[in-house]
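Listed next: structures, encoded as structure tokens.
Note that chain A is present in both complexes that follow, paired respectively with chain B and with chain C.
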Partner chain A sequence: MADQSQHKAVQTTGHAWDGDLQEFNNPLPRWWLWTFYATVVFAIVYWIIYPAWPVGKNFTKGLATTTFVNSDGREVTMHWNTRAEFIRDMQSGEEALKQKAYLEKVAGASYEEILDDPDMMAFTQSLAKVLFADNCAACHGLGGTPAEVGNFPNLRDDAWLWGGSIARIEQTIRKGRLGYMPSFGKVLSNEEIEALAHYVLSLPGGHDVDKGLVARGNKLYHSEQAGCYYCHTNSGEGLYSQGAADHTDQVWTVADVNAADSAAEKVERVKSVIRNGIQRRMPAWEDRLGDEEIKLLTVYVHGLGGGQ
Partner chain B sequence: MKLNHESIEINAGLMIVLIMLAISIGGLVEVVPLYYIEDTVEKVDGVRPYTPLEQRGRDIFIREGCYTCHSQMIRPFRDEDMRYGHYSLAAESQYDHPFQWGSKRTGPDLARVGGKYSNAWHVKHLNNPRSVVPESIMPNYPWLLETELDYSDIAARMRALKAVGVPYSETDDEYQANVEKFGKEVAGMLDINNAERNLIVQAEAGNYDKDPGSVTEMDALIAYLQVLGTMVDFSKYDEGYFAEFR
Partner chain C sequence: MAVSGDIQLYAQRQAIFPRSVKGRFRRLKWGVLVLAYGVYFLLPWLRWGRESGPDQAVLFDLAGRKFYIFDLVVYPQDIFWLAGLLMIFAYLLFFVTGIAGRAFCGYFCFQTLWTDVFIFIEYLVQGERPARIRLSKQPVNAEKAVKLGLTHLLWMLMAFVTGLTFVLYWSDASRLVVDFFTGRAPFPAYATTVFLTATTYVMAGIAREQVCTYMCPYARFQSVMFDKDTLIVSYDRARGEESVGRARLGRDLKTRRQRQAVGVGDCIDCGYCVQVCPTGIDIRNGLQIQCISCALCIDACDTIMDSLGWERGLVGYSSQRVEDGGRRVRLLRPKVLGYAAVLLVAVGLLAWSVGNQAPYDLAVSQVRQPLFTRLSDGRIENAYQIKINNKTGHTLGLAFSINGLPDAELDMGHFRHIVLRPEQRLRLSARIKARLKVLDGRTHPVTVMARPDPGSDLSPVRHAMVFYVPKG
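Showing the complex of A and B:
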């Protein structure tokens, strides 16, 4: 080997394999060794400052501290840990303070004041949009329009099942809603359900309906036997207190009438609702979201479909 | 034999032993003390083992690999708190074997999904996620609704968990201990002797999948999802209380 002479100075492990195959015994490079010692020093400093070593049933807490305010308003200083740091960040972190200033303003303002103040509205729109995406969009869709008609109300239109006033919307978010219409499949005959479907379709107008069936449905709608008018009212506009749909507008919240391609299909879709009834639940949010968050969402949802 | 650089480098067996020793130190120092440090699991009310139905739902959660995309661990960061709710406690997964903390969030964290959506939403969503969330990339799980839940071995499953420390009861003494710890109602649900009946009763009462006649895998999975993160009432505790344990 020509270049073997250059490595003469390097120590080998002393072993020789296959006659002449040897292994250098290179010491670690200096820079590596010093970096290693530096990490050791770093570790020792870290142990002193932060929680580190287990000792019996406890552990060394370190010298660093975190200060935050507990629920009683008392200032608490404790050894550094991620939970205390989290509380401190929520209370006095830079971003948190910025947001808090706005949140306090919103919390202290009435709904009218928020709606009239462009600055507060801008904040509401941006934060509530995120809150809506995290909490509401799974059912109501990202923009307030669900993926399909029937299961969850559309918040983009101006039809409100439970009322579109600020107060009603806040109540809906806070307490949740249980939308219930009994199934009439066993109570009414197929012909009766058909007649009711024709009547319901006749209310907003614009759908092909049978005049005779409409008259019969009209009678049933307002009869004790079917009792539709209890919740949907005599005029068909529906009671907010029952979450009953308005039958007089073109908005369909359960039966997707507008997507049906034939008159017969429209009737079939309405019949299916009457036959099977509806059970829809909106969860209560007051335990999950804070008061300010509910307030922001109320304003946001109110604005989506043009609130009342 | 001298333990110097040269002797280690030319002795493969010795080198393997020393490497294993060196790399196990990190793990041992971090993991082992958690078993005897008093404050590892926070003292908190409300956390109980899963009922038989929830436990079967949890088994399905694992079988379907939900954990590969969904974590169950909210970390103590402001952004996570704002999105998911209170950070997870060690106490909340003390009866999980294995825990489902996860390390990958392709989908959202599920640690506090309980009560967030209605049962009907879960049915639709598990059946076809895009029917409620158009932008979702989660696969469909249509068989959950069609497959009857096999609960014939529920007692054996609970016994296995009991063997690793979950306080399901089999003897009268164990039952009494559970009554003391969790109250009568919960203790009844943790009784292995009544496991099958309890499972059916909960499935029928909850009627999670809106199909009253049968107990499906959907019933079990939704029962499990709806209890996640709901056991601790955080309004009862001061903000700083849980930090005392760290």
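Showing the complex of A and C:
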């Protein structure tokens, strides 16, 4: 314990209360004090350079400025703020310029050149992944597979409703698509729809079907009455020009046959499609995305499904 | 501990003006200094031939994520070497401390080295200790302003060169120096240089021994590595004090015989050992936390003993055991042997790992969104990301293949065979399509292999992966 006499050695503030109650004066270390003064000076300089004080509904803007190009293409100079700094960095920052230069290289290359060049492919993959997430993933899913079969085509499988060549994919993205199949609920009887469902299920093979119904469905499929073959062709492989599904493969784009528990359920799912028809629409992107962006997305989607 | 009435808990630092000294330890310290400075300041300028990459012998290329150290190129995935290196440094420190005490502090620590140089600059400008004390006490005049100003200017210059040199390790040295002085160097180069200039100036010029006494964690925990056999710098109290104590060379106390007759020791209380001490302690008070074992007091005392014609060693290296009247220092102690064993193992492992650095590596990760895709012909597809990294200095052709999964096909677009540039890293997409008899809802092992082109002496690398099969 400290000795009472220690008090004598310590400076006091000079005040005395109640006769003998005094207050120690322990000054701050000098270096600490000067650091504190330096921060005060720093703060004042900061107020002058950068936005600082609220004044009514406004604020002091400071002397520093940021220049960037706004969405109309005009050069704008405004008081320093992180939002403007961010825009400027995204337009003319070191990394942005690097990306721009590479984007120009990719934009100038042909599709064949891009597909052959591992560097350009890697660049396309990483940039288009972001574009895809921003624009396409809402319907097609982040990885290219929608949450459930039915409303939106799966881009990862190798079945292409509208064609899987580079040219067809670019056209799909640019102009959009209207996936339409009329509803046959009022045109065909329930038995006819049942027969058609059995026939469609028999085409890829591997499903339990009734041979008699298949034969009847086959006749209907190729008849003027139902007219399935108009779009789905005689062989059942479908026309890219109509966006008609290939009935001979194992991929089901609307009726989720693979997930059905029983043979009856499979038939029911196919019947539902024939009865109600299909109305799916992919919007056109040419007005929303730039040419380079569409190019990147085309390569990306082509790669998702393995391409054609 | 009793606190006397006048003790203040905060004490102003007493300025220390170490006197210069000559001797074997001073020579050793100059040698270490020249060697360390030579390596530190010249290494960035050493050129080195490589098949590809920069021609700088040691270059830490952060932007390129490659560290060039002579013929070794260190990649980010080799970061665990850093752990090995740090472990080796730590155990080396323990090992050396166990044997020789604070040898690191006294001879090798950059704080000691730089403080040494700063004191030397002070000595060159302001003169020997008495002159410096006089200068510090006299009121400010032209002489004081010029001498102090010049000292601080030279310190600043030294600090700046130190800071700038550090930055040169992280970029092409010759280009960076030009860029630096023409205002075109990147901001981090300026910031780092300014920061290190400031810290060097403050630590070596102003804070000095306070860094060792109050800031350095090693100085605090080194005492737990000490034992009775650890080398320490100590004063031979029995010889110096005899029965009566130390005494100056008085009229009747000139020779050893005269002194021994009245029981006075060999210490003539000249104070030289105190004056040369860079931490301002008196070694004759025994082992102290401030002592960095720089051994300058040994040189000082030896100089005096030599001039008197008495035998050296009044202040010298000793150990607690010898102090207590024990036998000589033993080097082979269990603790020292243990540290040596761990050190050897760590060095061996690191050397083995560096020696067996893979010339190129392959990493495969599965795309999990979606986990699988059903293809039109009924096959199941899994997608993968392949990362390939060519660490060699020449082009590398690789062909990819898979095995372990029957009736499976690897699809990599146009890149089943690929040619990598020297030191190129690449990310590729791959998909494996497999026909399965049963959809069992399990994962199946599959191995991706990259095989160098025929004619290459490199061996193939494999990466084990899984293939997910849905149920039903």
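The rule we apply is simple: the second predicted complex is superposed on the first by the 217 of 308 C-alpha atoms of A that agree within 3 Å, B and C clash if a C-alpha of one lies under 4 Å from a C-alpha of the other, contacts with A are read in each partner's own complex, and residues count from 1 in each chain.
One rule holds in what follows: contacts are C-beta pairs under 8 Å (C-beta built on N, C-alpha and C of every residue); 3 or more make two chains touch, one makes a residue touch a chain.
This one's a predicted model, so the numbers in the text were calculated from it and none came from an experiment.
Looking at the shared chain after the overlay, A:29 reaches chain C, while chain B stays out of its contact range. Judged by the touch definition given at the top, the superposed model places A:256 against neither chain B nor chain C. After overlaying the two complexes on the shared chain, residue contacts for A:13 are found with chain B alone; chain C is out of touch.
Residue contacts after overlaying the shared chain place A:142 against chain B and chain C alike. Among chain B and chain C, the chain that touches a larger number of residues in chain A is B. In the superposed pair of complexes, A:87 makes contact with chain B only, with no contact to chain C.
Once both structures are placed on chain A, chain A residues 141-142 are touched by chain B and, in the other complex, by chain C. If you check the complex, the residues on chain A that touch chain B are 13-15, 23, 25, 27, 51, 54, 57-59, 68, 70-72, 76, 78, 81-87, 89-90, 93, 95-96, 134-135, 137-139, 141-142, 146-148, 151-152, 279-283, 287-288. Remark: chain C residues 3-8, 10, 367, 369-370, 373-378, 381, 383, 411, 413-415, 418, 426-429, 431, 472 touch chain A in the complex.
Those residues of chain A that touch chain C in the shared complex are 2-3, 5-6, 8-10, 29, 115-116, 118-119, 121-122, 125-126, 141-145, 154, 156-159, 204, 206, 246, 249-251, 258, 303, 306-307.
Interface of chain B with chain A (complex): residues 5-6, 9-10, 29, 32-33, 36-39, 76-78, 81, 83, 85, 87, 115-121, 124-125, 130-135, 210, 235, 238-240, 242-246.
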